[in-house]
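To keep things clear, I will list the structure first and then write my remarks on it.
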Amino acid sequence: MTVETLLLVIVGLPFAGAILILMSGDRPNQRETVTIVTAVALFAAVVSLVDRVGAGGTASVTVVETLPGLPIAFSVEPLGMMFALVASFLWIVTSFYAIGYMRANEEGHQTRFYACFAVAIGATMAVAFAGNLLTMFIAYEILTLSTYPLVTHHGDAKSVRAGRTYLGILLSTSIMLLLTGIIVTWILAGTLDFRPGGILTGKAPDWIVIVLLGLYMYGTGKAALMPIHRWLPAAMVAPTPVSALLHAVAVVKTGVFVVLKVIVYVFGIDLLNSSGAGEWLMWIATITLVTASVIALTKNNLKARLAYSTVSQLAYVVLAGALATQWSILGGSMHIAMHAFGKITLFFCAGAIYTALHKTEISDMRGIGRLMPFTLIAFLIGALSVAGLPPGGGTWSKWYIALAAAETKHLIVVAALMLSTLLNIAYFMPIVANAWFVPRAAKSVGAMAAPVEAGGLKEAPLFCLIPLCLTAAGCVALFIFAGEVQDFLAPMIDGLSTKAR
Amino acid sequence: MTDLIIGLYNYWIVIILMMVGFYIVMSRQNLVKSLIGLNIFQTSVFILYITLGKVTGGTAPILEKGIKLYSNPLPHVLILTAIVVGVSTTALGLALVVRIKEAYGTIEENEINRMDNES
Amino acid sequence: MLAHLPVLQVILPLIAAPVCILLRRATLVWLFATVVCVLTFAISVVLLVQVMGGEPIRYELGNWVAPWGIVYVVDSVSALILVIVSGIAAVAMPFALRSAASEIEPDRLYLFYTMYLLCLAGLLGIAITGDAFNLFVFLEISSLSSYTLISLGRNRKALHAAFQYLVMGTIGATLYLIGIGLLYALTGTLNMADLAVRLAPLLDSRITLAAFGFIVVGLGLKLAMFPLHLWLPNAYTHSPSVVSVFLAGTATKVSLYALLRILYDVFGVRFDFEQQPMSALFAIVAVAGLVICSLVAMYQQNVKRILAFSSVAQIGYMLLGVAFATAAGLQASLLHIFNHALLKSGLFLAVGCLVLRTGSSQLANLSGIAREMPWTMAAFVVCGLSLIGVPATAGFISKWYLVSAAIEKGWWPFAALIVATSLLAVIYIWRVIEVAYFRPASDRPAGSPPATEAPLSMLVPTWIIAAANIWFGLDASAPAAITARAAKALMGAGG
């Protein structure tokens, strides 16, 4: 198989999987086997692609010429490969987790759930390997639409309302701003291809570059820059596996991935720096990351707190893009992977706690450490990684971003980063501490009392437990092997600037 | 001035007929009356075409010795088509009015509108 | 044979129509009409291929030489319209078998097919003729038959809607007739190409101006240009489902085509847009129609009515493209004519399936219908997304070209308006989707029959159109090439 074919296989595989899942409708075992097999095959394909192309290689393939000079095309570059690797690996893990979760909680419409899930992953792959802005935009919208049934999974009034917010914000920003931005780019540059160093250099006056950056940044609603972040907490009504994979990995990471990709390959960091367009974006991102952390502190619902934490962490990546130095882009790119592993662990834990104990509020989670020790240890590791402390992978990415901020002499930004880390600790650590060290309130023991008194564990099913241990281990592994990630991204970082290092 | 009024009298008739017809269509509630208005409106156009083709002193366009001046036959032929269209429109309109009378029991537009809004 | 295709295109359905009356038996008539529609579609495709491969075809009827005899002109513009009209007609036919049988009294079915073919002949005639008066005749053939088609609806409101349409339509056609009469008085010819030549030195005449006004208003009525659209919502809502499909996909677009033909080929670009303020006029009515009718569509309780108001709004996009007065804008308009025909007929096809099974197109009757009719609603969603202009659907391509044209022209606020109004489309389409997917079936009015999935004979055409929406969203190179050439031809002809 040539690399080009492999690329098409990667994008097509999840869609084919979705069709097979639909066909195996009311046979749960077959349906879930198809999911797992597709997920494993996809990961294998991505790995083999990475293996063949290597970190520095490129390959591209045109599927169909949609409009004259504007094809739907896929190509390979390091950032996309890393994103695809992370997303496809986590899909396997999430599939196992979803099987455990969905069965334990006896959710309905499971066929639709798995099918939409597969389509969403397919769209994520298409975003990761998109060869131009048009392809990326199409995949971006497919992702929005395929996740809508997942967000409204329960079908009650609350989910429908959340679905409206979700779709309303994501569709309107993308159609109004992102599409406009893409068309303007097309008219200015005459191409929509991603090229190292950007395609807009010398094509437009500075003020247009600034406006255009605004169109892209706010058009990418999935990056949840304030004040268009509200869809993210709203989407938390979805079943936890959805929140885990989609709203910790696929959807939000697609958002920041688009942000980075646009900054690196459409604008180019030189243009961003020379036009001063990055300046306002940097402040917005800084404000977002602090404000979202503060809001997270006030949330008592665990998933809501995680959602605002995600908003805050996404702003890190946007900030990294806005700083537009080689260090910051490296940090931002790494943060996509680091945060993905950390946050998915946290969501898995939230889901496991819900499955085992039916608790969603943080205040109810006192003393559960003895019931669910593995889950809580994983939670601790995930929280450390997200906060950017060893032994979590997030340490490195945040380090590089802070380094870039210091290098460009934005001391307020550095201070904001420090503050945010403190806030991260403030909203995660009490959960863990209370779970371990505070005895459970007598009132909440209730029906769950019997196994506790017997000194037994009350962990979630193994299908839930193993994935979350795996991802927690992943956080640690990323801390240890961060150098590998850095080397992998090096070709992209080298091509960033035409100026000498 | 007289030229404007007398010389172009055919156009004045056309315009007056057209306005009369248009007014009837717009103002009458009775469906049959609107159709009559529509007919007057169309007729004014027929007359416009017919007078366009008439050449003063000209005769019917039949090749005959000694006749040099013909009226233009084309507008007359065209308007024959338009008349046919007009007749069919009227026929269809009246057929609809009959059906409306059967269905609603009235052919007054305001009453029909009231019944439409109620259901 | 090949040389006579242009005339066969119109003659075939025209002759077939009375044959339907002779055949009489409903199924037999249906079979016959289907064959005719498919043949017509085949002819139009061949014509399109011929035209795209070479020069425009000029066919002189009965070998009478051009300015005196009637000439049929098939160029890239008319060939495109021919394909759209005959394509929609052919796709709707298999659908008609069950849909029409359930909505029209059995002893009138053969008359329905007669009128359908007649209407088809009229619309094709408008698209193909190169003679201004001949255009009027075809306009009236299609109009008269469509009044009849609309009046066949089950509800008595259909009769009233048909009558209103008849009055408005006749006024429109008569105004057009006046315009043509004045042009004839001025130039002594009715052939469009000849008119353009002879009118060129007379463009400053007040009679030209009057004729221009009459024609624009007359055709504006027929194409439901805001605020001359009042006949349309009722007509689309109460007509039988097949008729809604056919008319929504074709009728207003053919009238718009007629207007474009006259504007560009007879009066010429310079007259329209430099001497006359047509840019401003079209821009104003387009924007007003877009915004107001989209807003009105949001508050309707009947799905067909939502779609009808949406149609008026969408005509705004087509007019906006024309208002730009550039080749890019015109191309965007033509593309939207094509894409909108696809997506709106797809939506009406899906609604037709819903009407067959639930007996109503009221929103309240469609609560939770997606569980019983998943395929129908999925097709509705696909075409609805296309209407919104989501990428990978045909509607996206039109938005792309429209916004590009607006930006190239430098009309920034209009670019913003185009994308903003697609969000209004999100709202009214999503109202239907939320009701169909999330409301419990128990919300339906008491006594509603239990629904099942629509029969294959209706699902297949619906999905052919839905699939075409996706296909032409992914690979729009063919329509883009055709419309680019068509726009160039129109802009060049009058210049």
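So that you can tell them apart, the chains are marked A, B and C in the order they are listed, and the count of residues begins at 1 in each.
Simple rule for what comes next: contacts are C-beta pairs under 8 Å (C-beta built on N, C-alpha and C of every residue); 3 or more make two chains touch, one makes a residue touch a chain.
Owing to the predicted nature of the structure, the values given are computational and were not obtained by experimental measurement.
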Among line, ring, star, complete and other, the chain touch graph is line
Centroid check, CA-based, most central chain -> C
Averaging C-alpha coordinates per chain, one finds the centres of chain A and chain C separated by a number of Å equal to 44
Whole-Å distance, C-alpha centre of chain A to that of chain B, is 70
Between chain B and chain C, the Cα-mean centres are separated in Å by 28
In the complex, the residues of chain C that touch chain A are 385, 388-392, 397, 399-400, 403-404, 407-408, 415-416, 419-420, 422-423, 426, 430, 434, 437-438, 473-477, 480-481, 484
Listed in rising order, the residues of chain A that touch chain C in the complex are 64-68, 72, 134, 137-138, 141-142, 145, 152, 155, 160, 164, 167-168, 171-172, 175-176, 179-180, 183-184, 186-187
Interface with chain B, chain C side, in the complex: residues 133, 136-137, 140, 144, 147-148, 151, 156-157, 159-160, 162-163, 166-167, 170-171, 173-174, 177-178, 181, 184-185, 190
In their shared complex, chain C is touched by residues of chain B numbered 22, 25, 31, 34-35, 38, 41-42, 45, 48-49, 52, 74-75, 78, 81-82, 85, 88-89, 92-93, 96-97, 99-100, 103-104, 112, 116, 119
